[in-house]
Every structure is written in C-alpha cells, then in structure tokens.
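Two complexes are shown next, each including chain A; its partner changes from chain B in the first to chain C in the second.
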Partner chain A sequence: MTTTTTTSQPSELEDVRASTATDKRRVQRTELWRNRGLLLPAVIFLILLTQIPFLTTIGFSLTKWNLLYPNDRAFAGFDNYTSALTSGDLWPSIRATVLITAFSVTLAVLFGLLFAVLLDRPFRGRALARTLMITPFLIMPAAASLIWKYSMFDTNIGMLNWVFRSLHLPVVAWSTEHPMATVVIVLTWQFTPFMMLILLAGLQGQDKGILEAAQVDGAGTWRTFTWITLPHLRMYIEIGVLLGSVIILQVFDPIAILTKGTGGTKTLAYLLYERAFIGLDVGQAAAYGVVTVVLTIIVATIALKSVFKVFMAGGSR
Partner chain B sequence: MNGSGSTTRSRQSARGALTTLVTWVLVLVFFFPVFWMVLNGFKPESLASSVNPTFIFKPVTEGYQLAMDRGMAGYLQNSLTAAVIATIISVALAIPAAYALSIRRVKNVENSLSFFISTRFMPLAAIVLPLFMIFKTVGLLDNIYMLAIVYGAMNLPVTVWMMRSFFLEVPYEIIEAARVDGAGMFREIVRIVLPLVLPGVAAAALISFIFAWNEYFLALLLTSSAARTTPPFLGSFVDGRGQFLAVLSAAATIAALPVIIAGWAAQKQLVRGLSMGAIK
Partner chain C sequence: MLANKRMLALGTGAVAVAMTVAACSSGAVQSGNGSTGAAGGAVTLKVATVNNGQMKDMEKLKSEYEKANPGVTVNFQVMEEGDLRAAVTADVASGAGQYDIVTIGAYETPQWGANGWLVDLTPELQADASYDVADLLPPVRDVNTFDNKLFAVPFYGESSILMYNKEVMDKAGVTIPQNPSWQQVADAAKKVNTADMAGICMRGKPGWGDLFAPLTTVVQTFGGNWYDSSWKATVDTPEWKQAVSFYKTMLDQSGEKDPVSYSFNECLTALKEGKAAMWADASVAASMLEAADSPVKGKMGYAHMPVDKTKESGWLWSWNLAIPTSTKQKDAAVKFVKWATSKDYIKLVGTKIGWSNVPPGSRTSTYDIPEYKDAAKAYAPITLDVMSSVNPKQPGINPQGWVGIQYVSIPEFQDVGNQCAQLVADYLADRGTIDDALSKCQSIAQAAGDKHKK
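Up next, the complex of A and B:
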C-alpha cells in the first residue's frame, strides 16, 4: 500500500506540471492573439485604404485606359512607362520635384537653424516670438499660397513689388518670370518653422555643462557652435531633412495655385493630376503615381533608417 | 580689474540687446504675410487692392460678410465634419494599436512600426486614382464621409507612432500593479493607461485634426460641390475682373484660424507630432 502511494505521487506531480505547462502555452497563445487583435483593426484599415489602392494603381499603370474611350481598355504592359519616358514629360517632372524639394528643404533648414539659435537664448517676449514663428507652418497651405500670390508676389498690389518700387528697382512678375523661386519661397516660408521646432528641441537637449566648459576653455561662440552644437544637432537636422523631403516630394498645393506647373515647376503630383483629371488618361497617370512612389522610397529608405535609430534608442522597453 | 569686468559685461549686454533686436526684426519680417493677411481682411476692398499699402485705416467687416455671403459656412462645415470624423477614426484605431506596440509588446514590433511609417510615406498621388474610380463607381464621389475615412487612414500612422511614444512613458510598475490586482485588458487600457496618456492622445488628435483640416489634394479630387471643403473653395474668391484681396484675405483668415489656435495651444506637443514621436 505504502509503496504504491509513494510511486504514484511523483507521477501525479508530473501530471500537474504538464497541465500547467499547456495552460501557460494556451495563455501565451491567447495573449498573442489578443495583442494581434489590438493591432489588426488599424492594419486592416490601412491595407484597405492605402495598400490595396496602391496595388490597384500599379494595375492601372499597366493598362491602356483613357476615360474618353472607356471601351478601349486593355492590358498594355509597360507602354505607359515607355511613353512617359519618350513623351518628354517624365524627366522634367522628376527634375522639378527633386529641385523644388532640395531647394526648399535646404533653405528651410538654414533659416530654421538661424531662428532656432536666435529663439533658444532667453530674451523678453521669447514665448511670443516663438508663437509667431510657428504660424506659417500652421496656416492652411492653400490659403498661404493664395495670400502669397496676391498680396506678396502680385505685380500691382504685391508687397514685394511695392518694396522694389520704393527702392527704384524693376517690378518682378514672380510666378511667370521666376516660377521656381516663387514656389520655393512659399515652401521655405512654410517649412522653416517645422525645421526650427525640430532644431529647437535639439538645442534644448544640449548639455549646458559642456557649453560652459568650452567657454571656460576659451573657445569662442563660433567655435563652440561649429565644434559642439552642430555635431550635436546633426541627428535633428537629419530627421528634419528627411521628414521634410518626404512631405515636399508630394507637393501639390503651391504648384496648383501659384504656377500651374509652368516654367519647370510641374512636380510629379501635378503631372499626375493633369494627366488624370484634365487628360483623363488613367493608365498614364497611374504610371506617374508609381514613379512618385519609387522616388519617395529612395528618400524614405534613408529617412526610415535615421528616424528609427533615434526612436529605438529613446524608446524601447 | 573691476572696471574692465564691468565694461566687458556692458559690452556683452549691448551685444545681447542687439541680438534681441535682430531676432525681433527677423521674426516680424517672417510673420509679416500672416499679419498682412489679417490686416487686409479688415480693409475695405479699395484699400486692400490699392497699389500703395495702407497700415492705418478704419477696420470694416465687409470682407468677412462677403465671404459668408458666398456660402463659406457650408464649406467650413464640411471641413469640420471631415476633420472631426477623421480624428475620431484615427484616434480610436490608434489607441489599441499603440497600446499593443508599447505596453503589450506584440512580436516583431519593428515590422509593425515600419508598416505604419511606410504607409505614412506613401504619396497620396499613388492611391488617389483607384479611390476616385471606386467612389465614382459606387456613387460615393463628393461624399464628405468618404473623404473623412480617407483622411482617417492618412493620419492613422502618425497617430499610432505619436501615441506609442507617450504610451512608452507610462511606468511599467503601475501597469504591473494593475495586473496583480486582476484588472482585465480593457480595464487596464481605459482605467489605468488612458488617464496617464491623455495629454498625448489630445496632442495626437490635434495633429490629426490639423492635417485633415488643411488637406487640399484629395479634397480637390474626391469632392466637387456638396462635400467640397474649405481649401479648394478658397480659390473661388479670386476674381479675374475685379478686386478681391480683402474678401480673399478675410476668407483665408477664417480658414486658417482654427488650426492656428489649435497649433498655438499644442505648441509643446507639436514637435513630437511632426517628428512622429521621435523628438520629445
């Protein structure tokens, strides 16, 4: 009797242990599905509204499809891409997109850095100055472009030309004489606050002790800035440049309002709009949409890397 | 020694005053177009559209009245509907997702995060044609709710990333304590986590509202009349024959004001939203 009980005891224990192990696994599995369940609605929503439409755009781009001839719709292979290259629309458009993005982002970073440095030092009314400075980024872009077009650039009533006239300089018809500059000025104006905010955060995160030590060691303001502050800001400049680039690569509003794509400012987004909604050529327009994505991927790949680096360093649990 | 110290100090303060002056001049020049827009909105049309600018005048609300007479209220209403619904959608979907990506720790957090961010970087130009065709086929073109849903998707990635950065700041001990007390997941989110991250949720909602309110490209292409929002409507104040700067400025001021106020209120959180939570 006693022997049987003693031998049965360990096996019972094992049974219990085995059942808790499967329980644990079951708990883990339900846990895993519960976590996925939290994520799924957002993922499904995005797949439905962005991924599937994008795949459909690729499909469209391989189709001969003009809404003027709805019955003449057929698979076209890469015809839309080859005609994009041969029609001479694509390269100028890529050029316009890249140039507008490069100029606007560079200028916005430079001005943003200037304002960040100026608004980082304490002075009377700093909070108000910062509040005023962020406003251009908040203004509805369509409103900003319209206001610039008529109250700043206009040959008769524009303030810029009033200043020119006052200085006895010739009046400039901005959007026709300098279309690229016109677009870049408005974009720079809108994105300078964006860069300023990012760089200001960088300046505020700087170790004040190191700056003081540099001052004590006799490094001048300029040397302290170039040797200590700028390297510290590098990461922030990178984030600003890359996020700004990805947004401005898609730029549409100032083109549509200021230049209508004339004078080398026809960005890919505007070209697509023209082909699809004026030319009604869905297949061709879709091909431009796909090219926009390729261009964005090139920039975003670089963007992802550095944003990730920062994010993962600061926030993994 | 003492004397030279005070002269360097006074030289320093003179330099400081000069820098402050330069700062203010630059800030005011930069801000000028906004100031000018507001000022022109309160001018009679003849003054606003005159060749020589006027700074001192008797303010009138002519421009604002004219903007409203042209039916601006309806477009503002559409903008509000689209922005509010888009914000509700993106916040409602982002809270559980951000929770799963921060506190719950699903497998492959990095993959999920890349998925969201790559969607954020997807150009609208790449998705607008199929959306247009589908909406047209099922008769939902020029429908404000469809525009709102698309905006919800447009804002969702930013909202998720931004909220995650706030969720990560919730002290783990608090959550553990709640779990020990036997709080279920739903209660854990609603009772423990949400109250702690409420400022973050509010900031994400504000960012989402700003992007939706200001959006132009999709609004221009997916709406035409009944559902048209404010940004594409603003262009209609441009009159090829007559003067229009006062009414255009008034309309632009009305259109820009909600977001300017929201942005000023959320100034501290703005940079976090713009950098998708990467910078605090």
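Up next, the complex of A and C:
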C-alpha cells in the first residue's frame, strides 16, 4: 500500500482508494449479513420470548376479564387503565418501590464498600472470610426472608430482640412498627455481598504503584481513598447500582413474607400479584403491568443516558 | 438498549406468569379424559385436592377403594390452596372437564352451585339409606347447600374455640367459663399478661383468611356485619368501630407484640412455647396442642369462642368434595365421593392411619366412636358442641343475604377482605385512625356489594 501511494499519480491514487473502499464495503456488507443470519434464530427466539407475552399482556389489559366471572369477558377499551390510574394504588406503590430500592441499594453499596476494603487487605483466613461473606447472596430470597422473620425479627425468639432485652431496651415489633425498615434490612443483608464482590474486583484491579506514589507524595490514607480509590471505583459502583436496582425493583419475597404490603411497602411487584392472584382481575393486573413496563423504560432510558457514564460511547474518563 | 430489553422482559415476565395460569390448567385437559370408560370398562377418576393432612391420608387410602372397585383408578392432583383455587376455578368455569372430583371450600360451594357448575348431589345421597345424609353436621350441610340443593359434601370441618393454658390461669386465680364473653377474656388476658408471656395471641397478619377470619366473627358478635340483607355495605357503623377498637385495645394491652407477623402457625408456636396464655382460633389447633410432641399437652383448657351480643361466635369452615357438571363419569365420581365421606371411611382412617387423624367435623357419628372419643377426649366434645350450635344462616344480630360465618360468599370477598385487612393493619400499628380505615373499607366493600344488589 505504501509503495503504491508514494509512486502513483494523484488521480490513480484516488482510483485505488475508491476501489479498495468499495470492495471493503461490499465484503463488510456480505459479512455483516452473514453474521446477522447466524444471529437470526437467537433474535427470533428473543422476540418470541419477550415481545409476544408483552403483546398478549397489552391485549389482556384492554379486556374486561375477571377469573371469578368467566362468562363476563369483553373488550373494555381503556377502562382498566383508567381504574389503574385513578384507584390511588399506583402512586403509593411507585413511591414504595422507589424508596425500598433506593435505601437498599445505597446501604448495600456502603456496606459492600466497607467489606470490600476490609477484604482487600491480606490477612489469615481471607479466603474463608470471603466465602462466608457472600453466602447471603446465595440463599433463596424466600428462605432469607423466613430466616429473618423467625430467627432475627421475632419478638419472642428473634436475636435482635434478644439483644435489645439484654440491653434493657424495649422489644421492637419490626413488621408492625417499622415495615419499611424491615424490608430494607433484609434486602441490604442480601445485596451487600453482591456489591462487595463487584467492588472487590474493582479494588483488586487498582494499580498499586499509584497508591505508593500518593503515599510518597505525602497523601494520608483518607485522602488516597477519597481522591484516588473512589474515582477509580466509580465505574464499578455504577454497575453495582444499576444491576442491584434492576433486581431489587422486582422484589417480592420479603414483602409477601414479612409485611404483606402494609405500612408503605406495597411495591409494584406485590401490587401486581395482589391484583392478579387475590383480586383475580386479569384485565386490571395486565394494565398495571403495562404501566409498570412503560414507567421502567422511561426511567431506565433517562438513567442510562445521563447518570451512568459507564454505558456511554467512548467512555468519558 | 440491552438493559432496556432486559427490564422489559423481566417486567412482562411477571405478568406473563399470571396470565398463563389459566392456560396451564387447560393444557392438561387432553390427558385427563383419556380413558373415559362406559360401565364395566376401565375408569380413571381425576381428583383435585388441597395439600392438608386429611387429604393426603385420603390419597394414601385410595388403593383400598381401587381394590374394592376393580377397574377404577383414582388419580390425585394435590395442590396448595391458592393454586387449587386458581386451577379448579379456571377448569370448572370453562367447562374443560379436566377433573371428575374437586375439593372446594365452604366459601365456593354456594357460588359455584348458583353458577350451575356443580352436580346436585341431593337425590343420589338421599336415595342411599346407608350413607345417612342426616348424619352430616347440620351447619356444615347448610353452608354447602344452595337453593335447597346439596352441591358438595363435607370431607372435614372446623369451627373456632378459645384455648387457654390452665396452669397459667390457675396460678393467676382466673377461671374461664365455658361460654365466656369477650370482655371476660380481655380482662383475663390483661391479668395473666407478663413481659415474657402475652395474655392472648390473636391473628393480625393482613389477609382475608388471616386477620379477618377471627375479626369477622368478633364484628358479628358485636352486632356488625359486612353487608345488610340488601347488599349495602355496613362497615362504617358504630358496631364495627367498637369491635375493631376492642380488638386493637386487647392486642395493645395483652396481645403478642408483633401482630402483623402473627397468624395461625405463629400463635400455635407461641402457645406451645409458653409465650402466650390464650388463643382464640380454629378448633383444629386443639389436636396440635394435644399432639404427643407438644410441651403443653394435657395442660390446655378449651371453651366456646368468646361472645358479646350473640350466643355463639364460632366460625364454620369445611373442605368439601364436589363434582363439576363437566365430568363425563358422573356415576363413578358420585360413588367415590360417597365412599370418601362415608362412616366407613372414617373408621378406615382410624384403623389404618390412627384415630387422632380422623377427619373431624363432618359427621355427628364420628363423635360416637369410642376409639375417637378416647383419642380426642380433650377437644372432641367441645368441637362437636360448637359445630352443631353455630348458625351460618345468621351468625350476627341481623339477617344477612348469604350463608356463611367468617366470610361473605361473593367472589369479590377475597379482594375486599384483603384490602380491608391491610387498612386495619395500619390502624393496629398506629399508622392510621380507625375512622379512616373503616371509611375506606366501606367504599371498597360497597363497590363489591353493588354488583350483587338486585
């Protein structure tokens, strides 16, 4: 290539360039279509799996259909949406979902960071400590909620209240008096290991040389942490927050087991369950589902475009 | 974009699961009726039932039936209560005919009978003198009768009673009468209440079958009810306010500390562990408190459900066998239903499985069997007494438009009861006022009642 360009005339150069470019483009296009062709079965499968249920749900949401009145099934237009939006259940539910997710994710990130920093230091039995630390994330959510209900929160046999009693403090009725805190505590306990794993990976990917340089320059531990380690961890925190939020947004088990949706803990997932399986109102449940999906898409789009730099093209740091 | 798609999929996934419940049960239809046999040929009966101990015993004993009736195979499909309700409702309502025999609660029988989904069993049962329909406990027969037709037969039944720890009561010098009033019980609870032991344990978990099972009976004995006889909701009445605030005061003064977490199982544990002195709940609990491994075995006393303005306040529940009209093997199904609810079946359970496992609360004659009387002497007499004296046609002060005690037999009641239970739970936890809870509940109940006004 270099020889051609240096020896040939400018006009020829353009020709050469042009022909190579077209060829390349043609090759690229056929290759692109071949690649797409290979992906096609997977794409069709994905569409079948995600979009058909969604379309069916939209269809259901326009139907008047209560399982208790099987013979009274008809097209209802937007009645279900009207009742979903005006019943007064939706906004408290959105509020509950947002609060529970925000508190749990924030606390899990803070605790996760703390444990990640501790586990990043070398000490004897570190591997064992790490394994023990991640167990809460491996327990089934329903089992975790039951464990907390009986062995931690219970007023008679729970460990938390045993501690309170030993300290001569009044016994706390967790689910009755502090339903939101109850759910957040269980979720934080479950998701701290998840955040810890992600942040630990980030810490271990940090260049130790930079830290040493900072030390040489006279920066203390705190300044090193806030000015070097934390900015380095930003991307990992973002990923942790995003994945954690996606999972916790759909939380169901602790609410069904601990609070039954009382005291401002009725999340969208629990509301949907109630409409579909207790109200047996398929139409209305579907309408709530569609509203939830639309809201999620709006929030996710805004969040991904503005807050989370990790997904932006080029990576701005 | 990938994340968007994933959220979309997850969001719709939850809904899709809900939507496919109906589809699932119809999916199995084809296999169900495979071997529809005429007389003499092989017959396969499909039974849908709930996963309670007594039903599982029936599954164990089905081989006895198959031995006595050659050519008949009985297949059981055992499900959780919620799943059973969804699967059977969808199947029966659509007339798919997957099941020949279904297990339904007393709450469903009159509704389904009215919809024409169930076979009227009256003529078949009355024709058979050895079956002895009159032996079925009258109140249980009443809740399964609609329009003078018996649409389901009780497999087992229960009421509610007051259970108390005799040792604790004696120590405090408190005596519980055989027919106590709620005020007496509340006073007694206050007296025996200590930091280590609650005076009384009552259900507080929000749910139509949790909190509202006992609370509805309290409301009814205080003179209130969900609806009057013309389906006007009557939740915002002084009687309701009095009953619900009584319930809360009693829980605050001497109840368990964390009512939202407590329902049947939690109270059972509390009583066994000596963490509660009294408990008013389902009569079936007595057999568990008197079980061989129970620490309070032999220490318990039993009394009628406490009352205020009515004579009795026990509830009434039964699990029943019914035959959907969509079955193609009606005769074989009737024969099996008769066997499973006969006097002989009760004796069969007693001899093969154990006398304390006998399905209680279905037949008067069960309580005359010496072996059962001996095995259940602590609680059998009072159970029979309460079950035959409650009046499901009018449990409260005023007449009501449905038959049943701790529920309203309209399809919307699960939803109404559930939403109201959450409102009452907020009041129990001091997050809201009683007036607010009851007025919101009134409008929820009225919306459902409007559909039944004639």
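Definition applied: the second predicted complex is superposed on the first by the 249 of 317 C-alpha atoms of A that agree within 3 Å, B and C clash if a C-alpha of one lies under 4 Å from a C-alpha of the other, contacts with A are read in each partner's own complex, and residues count from 1 in each chain.
By definition in this document, a contact is a pair of C-beta atoms (placed from the backbone, for glycine too) under 8 Å apart; a residue touches a chain by one contact, two chains touch by 3 or more.
Worth saying up front: this structure is predicted, and the values here are computed from it rather than measured.
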Partner chain in contact with A:T296 - chain B first, chain C second, else both or neither: both
Partner chain(s) touched by A:V27 [first = chain B, second = chain C, both, neither]: neither
Touched partner set for A:L110, first chain B, second chain C, both or neither: neither
Chain A: partner with more touched residues, chain B or chain C: B
Which superposed partner A:L230 touches (first chain B, second chain C, both, neither): neither
A:I278 touches, of chain B and chain C: first, second, both or neither? second
Contacts of A:P179 with chain B and chain C, given as first, second, both or neither: second
First, second, both or neither for A:I239, with chain B first and chain C second: first
Contacts of A:I210 with chain B and chain C, given as first, second, both or neither: neither
Touching partner for A:L169 - first (chain B), second (chain C), both, neither: neither
Chain C-contacting residues of chain A that also contact chain B: 46, 49-50, 53-54, 56-57, 60, 156-157, 246, 250, 269, 272-273, 276-277, 282, 285-286, 289-290, 292-293, 296-297, 300, 304, 311
Partner chain A, residues of chain B touching it in the complex: 16, 19-20, 22-24, 26-28, 30-34, 36-37, 40, 48-53, 89, 93-94, 96-97, 99-102, 104-107, 110, 112-119, 121-133, 149-150, 152-153, 156-157, 160, 164-165, 168, 172, 185, 210, 213-214, 216-217, 220-221, 230-232, 234-235, 237-238, 244-245, 248-249, 252, 255-256, 259-260, 262-264, 267, 270-271, 274-280
Complex interface listing, chain A residues touching chain C: 46, 49-50, 53-54, 56-57, 60, 66-71, 149, 153-157, 171, 173-177, 179, 242, 246, 250, 258-263, 266, 269, 272-274, 276-282, 285-286, 289-290, 292-293, 296-297, 300-301, 304, 311
Touching residues on chain A, where the partner in the complex is chain B: 32, 34-36, 38-39, 41-43, 45-46, 48-54, 56-57, 60, 114-115, 118-119, 121, 123-125, 129-144, 146-148, 150-152, 156-157, 159, 162, 189, 192, 194, 197-198, 200-202, 236, 239, 243, 246, 249-250, 252-253, 256-257, 268-269, 272-273, 276-277, 282, 285-286, 288-290, 292-293, 296-297, 300, 303-304, 307-308, 310-312, 314-315, 317
Chain C to chain A touching residues, read off their complex: 3-16, 18-19, 22, 82, 86, 89-90, 93-94, 204-208, 256-261, 270, 273, 275, 411-412, 414-415, 418, 422, 425-426, 428-431
